Every structure is written in C-alpha cells, then in structure tokens.
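Labels for the chains are A, B, C, D and E, by order of writing; each one numbers its residues from 1.
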Amino acid sequence: MAQAIAFYFIAACILGFAVLVVTTRDTVHSVLFLVLDFLFVAALYVLLGAQFLAAIQVLVYAGGIVVLYLFVVMLVNLKRPPEAHEDPHRRTKLGFGLAAAVLLELGAIAVYGSVNPAAPMPATPAIPVSGNTEQVGWLLYTSYLIPFEIASMLLLVAMIGAIVLAKREL
Amino acid sequence: MITPVHYMLLSAALFIIGVVGVMVRKNIIIIFMSIELILNAVNINLVAFSAQLQNGIGQVFAIFVIAVAAAEAAVGLGIILAFYRNKETINIDEMNLMRS
Amino acid sequence: METQTVHHGAMFDTNELVINMGPQHPSTHGVLRVVLRLDGEKVVDCDVVIGYLHRGIEKLSENRNWTQIVLLTDRMDYVAAATSNVGYCETVEKLLQLEVPRRARYVRTILCELQRIASHCLWVGTHAMDIGAMTVFLYAFRERELILDLFEEFCGARLTYNSMRIGGLPLDVPPGWAKKVLEFCTIMEAKVGEYEELLTHNRIWLERTKGIGIISGPEATGLGLCGPALRGSGVARDVRKDEPYAAYDEVQFDVVIGTNGDTYDRYLVRMEEFRQSLRIIRQATEGIPEGPIVGKVPRLIKPAAGETYHAIESPKGELGYFIVSDGKSTNPYRFRVRPPSFCNLQGLRRLVRGHLVADVVALIGSIDIVLGEVDR
Amino acid sequence: MIDQVLIPLLKIVIVLNATLVAVTYMVLLERKVIAWAQSRLGPMRVGPYGVLQPIADAIKLMIKEDITPVRADKWVFTAAPIISMVPALIVYAVIPFGPTVSLFGRKVSLYITDINVGLLYIVSVASVGVYGIILAGYSSNSKYPLLASLRASAQLISYEVAVTLTLVSVILMAGSLSMVEIVNAQYNQHVWFVFAQPFAFVLVLIGGLAETNRAPFDLPEAEQELTGGFHTEYSGMRFALFFLAEYANMIVVSSVVTTLFLGGWLPPFPNVGALHLLYYVPSWTWFLIKSFLFLYLFIWIRATLPRYRYDQLMRLGWKVLIPLAILNLVVTGIVKVMLM
Amino acid sequence: MGVDDRKPPETPPTAAADKPSSQAPAEPLKGEVSRTDAPGAGASAAPPGAPRTEPPAPKPANIEAAVTATVSETSSATGQPTAPADPAVRAAAPAPKASGAEAAAPTAAAKAAPPAKPAPPKPPAGGAEAHVPKAAPPTGPPDPPPPADKTPPAFITTLQTAVPGGVAALSFWVGDWTIIVPVAQLLDVARRLRDAPDAAFDYLSDLTATDWPPRTEGRFDVLYMLYSTRHRHRVRLKVKVAEHQPIPSVTGVWAAANWLEREVYDMFGVNFTGHPDRRRILMPEDWQGFPERKDYPLEGPGELLMENPLDWLKLRQAREEAEIE
C-alpha cells in the first residue's frame, strides 16, 4: 500500500514536471523542472531497489549534466528568445500525432497484456555477490566489461569533442 | 500492487512527453532536455524490468544510457555554443546551414 | 553598482561584458570607478573614471593665503598628510628663497619617513586584503596605530596633521618623542618581517602577483609612473636621492629597485622601503641637531612674482607643487599639485589589459592610490 | 513503533537542531579564531566573551528587510537559498556520529540511517547544492553575482570530480560505501585511513575547501573582486540561509573527512589494548573533537592564506588534483590486488 | 525667457544672469575676454575669480556677478551682457540662452565648441590699456631672463641650434630653467628634448596651465615640467596659447601627458589637438565652464544650487518637461 502511494505520487511528479519542462517558456525554469524531474526519477529508482543507480542519477544527471545545461542556458542567454515572434510551435500536428500513435500502441499492449499475462521469467543465473551496488558492479566488470570500456571511450571522445566545439580558438 | 505494467505506462507517458517536446519546441536546449526525458523514460523501463527479473542487467544498461546521455549532452551543448557564437540563435528552425 | 542597462546575459555571446567596478566597490580604495570591458573574465579594456572626490583644492588654494594652504594639503593624501605639508612648505620656501633650520629639516625627514611607513602599512594591508590575505591588514593597521600615536603626540592630530609651517615647524618635538620614535623603529623592524613571513614566500601570493601587470622601465617612465611603481620596473628614480630636500642629503639610504616590473616587484620594493625608511628615521632621530625650528620667515608671506616647481618623494611617488606668485597678493596666483597617485592611476589601463578581473584588484592595490590625492 | 518512527524522528530533530546551533556557533568560532589570529578580540559585547553573538546575529538577520531586486527572477531568487541549504542539511542523515549504543535499555544507533550507498549519497546530494549558487547568481539579474555563479559552478563541478575520484580509493580500502562500514573497516584493518591513504586525505581536504567555497578558494564570494559574489543582492534571512549553508557544508566536509580518514567515532589507537581506557569516553565526543580540529584548520587557513585566482584554481583542480587522484586510485588498486 | 535644458548644476547661473542683464549696460563680447569698465573699483587688486576676499563688495551683487562669469566658448554669437557689479570679474557671456541656440544641447555645444571655434580675430582690447597698471590683474609671471653669470645648460644651447625658433625666450628663477616655446615648435622641441642624448627628458613630471586673463594674445601658459631619469635634471617648457588656439598634444611624445592634458582641458579649456581621448576627467562630462580659469567663480555654480533647493527642483522639472517634448 505504502509502495503504491509512493509510486503514484512519484509518477505524478515525474509526469507533471516533465510536462512543465516541455511547456515552460523560460528556459532556466525549464532546466529547474528537469532537475526536479530527475530527482523524482531517482526516487523511483530507490523504490525499485536500485539505490546505486539512484545515486548515480542524482550525481551524474542532476549534479552534472543539468548543471551543464544551466551553464549553457546562462551563456546563451538570448537577447531574442527563439520563440518570441512567429508561431512558437513547430510541427505541432506531427508531434501530437506521434504521441497519439504511441498511446494507441500502449493501449494495445496493455489490453494484450491483461488478456494473456506474461509467463514468469526463468530465474537468471545467480550472481556471487549480494547487495545492489555489488551486483551492478559485478555485472559491469564481468559480463559487460567490453560495453563498459566502450562507454568510457565514448565519454572520452565526447569530452574531446565538446572541448573542440566550445573552444573559440585552439 | 504496483506491477511492471505501471512502470511501463509511466515510462511510456514520459517518453511521449519527451517526443512531444522534441517535436513541438523550437528552442534547441529544450529539445535536448526533452531527449533527456526520453532517455529517462527508457531508464525507468530498464530498471523496472531489472527489479522484476531480480537481476542487475537492466541497471547496467541504465548506466550505459546515462553515459550516453552525458556524452550527448556534452557534445550537443558544445554544438549549441559553437552555433550560437556564429549565428546568435538557438532556434532549431534557423539551423539550416546544410540545406542548400 | 549596476548602471549599465545591458541585460546581464548579453555578455557571453560574442560581445563583451561591461562591468562597473566602483565607485562603490570594496577594493577600489575609495571612490574610484573602473569600467571594465570583459571577455569572460579577461579584461579587454578599461576606462578609469575619477573625479568623485574632486574638491577643487587647487582652486581653493588660490583663494587662501599662503599659510592657510598647509591645511588644504592635508586633505589630499590623507594617508600621508605630513608629506603633503612638507612638499608645499618646501615649495614656498623655494619661492621665498628661505633657509630652513637644520633641526626643522631633520624633523621633517623623520615625519616624512614615518608617514611613508604609515602609508605603506595601509598599502600592504589593503593590497593583501584585496588578494585575500586578510590578516596582514589587521597587523599593518596595528603598527600604523603606533605611528598615529607618535603624530598625535607631535601635533595633536592623528590624520590631518597641519604639522608644517612655511620656514620650519609650528612647534618643537615633545620631550622624549625621539626615544619613542626609536622604540617604534625596533618594533616595526620585527613587524615588517612578520608581514613578509605571511606574504613574500607564500605560494599563492607569488602566483597572484608574479607576472601580473608587467611594465618595462622605459614604458613606465613614459607613462609617468612614479614612486615604487616606477622603481619596481627598475628605474632608480627617487626624488629623495636625485633632488634631495629636507635632510635627505645627510642620511644614508638605498634606493630600492625591482627587476621585472610586475606586481610582486612593486610589492618587494615597498617592503624594502619599510626598512630603508626605518634606517633613515634611525639616523635622523639620532643625529637630530639642536637649534631653532623656524627660519627667518617674513611676517607677511608674499613671495616675489615668479613661479616654481618643486617635487618631493611622497610614499606614492613624486609629489610636485607648481606655484605661481604674482608678487602682490597674499595668496598664490596659481597652485598646482602634481599628484603621484593621479599619474600612477593613469598607468592602470595599460597594466590591466589582458589580465583577469581578480588581477585588476591586485593591480589597483599595487599602484597604491589615494583617491583624495587623485581627485584633489 | 517506537523503534520504527519515534526514535528516527527524535534523531532527526536532534541532529537538525544540533547542526543549526553548531552552524551558528561556527560563525562565532570563526570570528573569534580569526580575531585571535589577527590580535583582536572578536565579538565581545553580546554576552560574556560574545557567546550570545550568534543569537543577536540571527535576530538581526530575521528582522532585516528582505529585499528582492525588481528585475530579479522572483521564484528562483527565493528558491536559491533554500536549494543551497537543504542539501547541506539532509547530508547529515548518513553521517555516523557514533556506533550503535544502548540507551535506556534500547539499542540506539548514533546515526539517522546507514544506507549501503552512504558515501555516494553524500557526494550526490552535495552535488545538488551547486544549484543554489548558480541560481542565486542567475536570478539576481546582476553582473557580479552572475560572474560569481559561473565561477562557482565551474569550480564546484571540477573539484567534485577530483574529490569523488579520491574517495574511490578510500572506498577501495574499505570495501563499502556505507559510512558505518567504512569506520568499521578502519577498526578491522587496525589503521586509520589517514595513514593508509595520506595522499587521498590531503586531496580530499583541499577539494573540501574548494567545494565549500572556503579560503583560499572562496572565489564565488570574493568580496574584493565581486563585491559579494553570488549573494550580492541578498539580504536578511535569505542571505542568512546561504551563510548557514556554507557553514553547514564545512561541518559536513569535516565530518566526512573524520569518518573516512580519522576513524570516525573511534578513539585514537582503537586496537591498542593499553589504551582501552579511551573507550570510556563517549564515542561521539571523539567524533566531535576530530571534526572540530578540521573546522579549526579551515578557519586557520582562512586567516592565513590569500586567495587563488580563478584560472589558477581551475588549473590546480584539473592539472594537479585530478591526475593525483587518478594516480592514487591506480596505486591503491594495484596494492590492494597484490595484497589479495 | 524659457529655462533652457541644461543640467542642474548649470541652471542657476542662467537664472541669476537674468537680473543683471536687465539692468546692466549691455556690452557685446566677442568670444574673448574683455574688461568691463569701472576701473576704479579694481583698486583692490584682488586676483580675478576671488571676489570673496573683498570685504566691501556687496555680497548678493557679487554672487550674481560672479555667476554670470561662467565661461562659454559660444559667446561670440550672442550679444550677452556682462556683469558690471564686480570689476574683478570679467564675464564672458554665459552659454546662449536668449538666442536661437536654445535648442542646441548645451553639452554638445560645450564639447564641440573648443575645436569648432578657433579664436576669432581679437578685437582691440579696449579695457586693457585703459587700466592703471597697478590695479590691473597680473598679466603673467615676469619670466626673468637668466642672470649674466648663469649659463644655460648645454641641452638648451643645442636645442636652439637643432630646432630653429624653438626657444622663444629663456628664463631662470629660483633655480628653475624655463624655455618659452612657440606653439608651432612645441612638438619639435618636445621630441628633441626627449630624444637628444644630452637632454634625454624621458619623464614628463607634470603638465599644467596657468590662466592670465588679461593677456589676449596668449591667455594660457601651458607648462611642461620635464625630468630626465638619465641626467637627473629638470627643465620647464612654457607655451602661450590663446583661448581657442589649438595646441598640439604631446601624448605622442610622453604617454603620461594623456591624463594631464585631459585635466588641463577640463580645468582650463585649453584646446589640445591630436589628443587620443580628450574628455573631461575630474568634472562631470556635461559640465559647463572651466573651473580653474580665473573668471570662474570660486563657489562654482554648484553651491548656489544649495541655497534654494526649490529653484533647483523647478529647473529640473522644466528640464524634464522639455525632454519629454
């Protein structure tokens, strides 16, 4: 019961702030709502027992990526907001059309799911460690070592790329 | 009782909001933020399944997604800055240099 | 503080940010206003705006009689008021071709050097404070207090002394004063070491001051920098040595010069000047002759028509007075001060270009200005 | 029920209040210590030796006019101090002031909670605190605060990287992210980590100074350069919140350093039988004494050192601290594997 | 008459000037300082600009007269009456008020005036010779020639040969050598003095001016105090310029001259040409008049403001209304 209340509350916050992110005019406010949204997503992770991921979410997303966004918003503070004149919206029909399509699909899945419930999944091979952090760590450094290394390369490339892009003269 | 379906629905809704944001807004920073929302929707899904299946694989993938998001944000914002410096705009509709 | 109407965001695009440092700012040492054009935190250019403390001392002096002006000169460099007094009196004495008794000249020397130490104390305190080392400020003010006490005993005032008369001194030094001055020298010598301990070899201090605001000797000369700001660039220019006045030709001291002309060198020059000043004070106090304290001053001071320029070395640099007498009236026809701070401040624009905002503060500190003197 | 709700609530209330009182008295301590360093007396008027000064300050700040600049972004302007204060306080949830003790016949742990990602929690919550500064600078609609907030965000993020990387080597030593486990590990390994990880200790200390915006890294509020830094436009209680947040963060950093490197609540030489006497002193006193040492160090440094310049600060962070942290981590890893 | 749209500090003079103008005999001025009549009153021999030192002078008249003495460069256009009350104060006409120049922003006029208006041909200064020499304000320092036993330093003799006509006169007084240089030769002399190895005057100690209003042919002495850090000697250059006469800036020779010339311009209105940044320096940018001229009242216009704040408010209001229109 408590879990359900928590879930519904968190879910409502996530969706509400997500809507605000997309609809707010002021970009800085939008970024702030994004932070709140991410914090609630982290809370959801805690609810799902993924504490490590929750901490990473806050650390990386809220404390890192969004600060970057805020930084850029402040740097690129506009004399002329991009949506000041003309129609602020673009491809509205397409956007909402896509949304409707996804919604339809979702409905279909939900109906299908309720009609024939999924078979219980076979148990996954046991991991020799207990605890959320340990589990994630074990997986990262055993089965997913190569993707992990690739991800680190990706980050390195992104870092260099960002420096090259943002630096005025090299 | 909260089932994975609930999480899926939440994730899908977040995904839709993200898609609408990408499609509707002109401000490229907000578009990037909408993409972050989409990625988060994916993560919620992954973590929910990870919890359902009692293994950490979903979380591992979520970590990869976060890494990708970080890379995307760094490069994307770098592009925005570079573009803004030259064109003084962050309106995506005015970013049509490649169009003849 | 915020007078520009530019929206704060408009700065980080390709344009520059215009930022007003002062006239109300913690580290512009008074009502100096520096309009900085920044690129990020880098100073592209700056405009130094002065005049907020302009009281028209030059004009006022042309309407006061010769003796009254001494009082006005106090109000220029209020950190070293006695030096301004001495400079003015010497100029009028030169115009009158008046011989000043030796005792008076010795006392003048002592007072000037005490003022130099007081001024440098204030400078080292505020300069270090600007760079973030706040303890030095309190230490330096502690010692400055001792000097103010000495002055209080000598003339009754602690800041604006009015302590000179044309032709000599208004009154002789009180009994036992010389001994106190010597005691002060002993204390001060140790304390200068204390300041240096906190700063001179401090790594952060070195990083903040070395290589900041480098100016070569010829350029500094051309820009009219004076005093320690000029000597820091390696130009051995000291009015005390070059054109001795008071009793400076009778005491031994060295002119301290720097090598690199950066903020650190200017700092070192002033720190060493503490010691040289103490040396001068020691010699002058020990060798102070007996005799009259006022020369043969006419009852009505009315110099013959003519003009003269006379400079002395104030703590900030060459403090010059250009005075014209029309030979008829009891006030100067033209009274002009060559304020060292003014000329040093002129160099600020050259110094800060290409440095960061934080360096502007360090540089304002390193040229040691007093706005009362800049604006007059 | 009592164990589930009442005791945790009680603990939260006690910790929060103790923190706030400690923070206000930190201000007094700082003023006093700096005054002594500068051969002054410091506050002397309110109460004997000025001990009631914090209360007077608090009253003054509360009844001061709370000014919001006309062109400020009102909501963000109001939220910013709160955003910087909240993370500074909720971090205390995982700081172990002592082990589990028996109190009135009950087992009571001297920490609010012990979560298995405790250290990560501290780092991540602290990383949210940067928003307070950035938003304060942004929303003031004034140039000096904006410059300060840009400085602050760059500084905090850079040093966060260095500190987090350094902390990893400590985690490697302890084998756990839980704060309580880290203290226990120091007991079990018979060594305070300050001796096992001296490099990490120094790096965390420097990084901690930078992350709390303390001298010599107090650039975001360098009053000589940026008038008041990010809180130039703040007054009254909102300003007080920033102030409190800074001091709360100082206490957090000293608590964390104490826990990670100085054995937390453990008395000195916890494994030496001859000194078992020290266990009769309540464990939390050891914790407080050790934290106090760090706070004193912070104040001492502030009274002594000049301030770094922005570019030098960034250079120090990226070119010195981060490589050293990585090196330290690698060496720790190699040693650990070899010992296994 | 309508109050013009000046800045507050300048307004009272214009207001106050109305009264004397209505009763005083109008005497057209020609952009030059000319002496008023009533020579007898000048016996007090007070230097101009110092009316306060004369006890017998009736105070109100004194102030008003002093106030009218605001200097303006545009005065030649307007037949502005001067104040007769105080002989010590010569009044150049205040900025045009009654004339059609009302519309022109006075600040702009003040800025544009010195370079735009070179000195008009001087009228014969009728007042000057009418004066008893004793009562006359000083017309300049005596500039005594060096005594026979004093030989000028070597660099001066070489300068005389190197820059022909560069040394108009030579003076020696209480140990200071002064070279009086014609305006045309100033830059040559300055360069020569800086670069010649025997002179090497690399340091411009000071640059200032002295105002001698009776001298129509060259009202200002512009003085350059030079110093050589190599030879450690000094010399003073003196250039006589008339009120609007252009004088080349020496910023190209000594960078130090920048602010010093700005100050001289600010205080005296000396028309420096070729200055990289000729703005006012100590006074506000929109200030009218040049405070250290001898005919500028000691109180300045500013203090009068304080005497009746209501006037000031009224004037400000009028100005704001004018701005709105």
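Rule of thumb we're sticking to: a residue touches a chain if its C-beta (ideal position, glycine included) is under 8 Å from a C-beta of that chain, and two chains touch if they have at least 3 such contacts.
As the structure is a computational prediction, the values presented were derived from the model and not from experiment.
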item: Pair of chains joined by the greatest number of C-beta pairs in contact; value: A-B
item: Farthest chain (mean CA position) relative to chain D; value: E
item: Distance from chain C to chain A - Cα centre to Cα centre, in angstrom; value: 62
item: Geometric centre distance via CA averages, chain E-chain C, whole Å; value: 29
item: Cα-centroid distance, chain D relative to chain E, in whole angstrom; value: 65
item: Contacts with two or more other chains, residues of chain A listed in rising order; value: 52, 56, 64, 71, 74-76, 78-79, 132
item: Multi-partner residues of chain D (at least 2 other chains); value: 146
item: Chain D-touching residues of chain C, taken from the complex the two chains share; value: 1-2, 4, 8, 11, 17, 19, 25-27, 41, 128-135, 138-139, 142, 198-199, 202, 204-205, 207-208, 356-361
item: Parts of chain E lying in touch with chain C, wherever the complex brings them together; value: 45-47, 49-50, 52-53, 137-138, 141-142, 144, 173-176, 178, 202-206, 208, 210-211, 223, 225, 229, 232, 234, 236, 254-260, 263, 267, 280-284, 291-292, 296, 298, 300
item: Complex contact set, residues of chain B against chain A; value: 1-2, 5-10, 12-30, 32-34, 36-37, 40, 43-44, 47-48, 50-57, 59-60, 62-64, 66-75, 77-82, 84-85, 88-94
item: Chain D - residues contacting chain A, complex; value: 73, 75-76, 79, 115-117, 120-121, 123-125, 127-128, 130-131, 134-135, 138, 146, 149-150, 153-154, 157, 160, 164, 177
item: Parts of chain A lying in touch with chain B, wherever the complex brings them together; value: 3-4, 7, 11, 14-15, 18-19, 21-22, 27, 30-31, 34, 37-38, 41, 44-45, 48-50, 52-53, 56-57, 60-61, 64-65, 68-69, 71-73, 75-76, 78-83, 88-92, 94-96, 98-99, 102-103, 106, 109-110, 113, 121, 123-124, 127, 132, 135-136, 138-140, 143-144, 147-148, 151-152, 154-155, 157-159, 161-166, 168
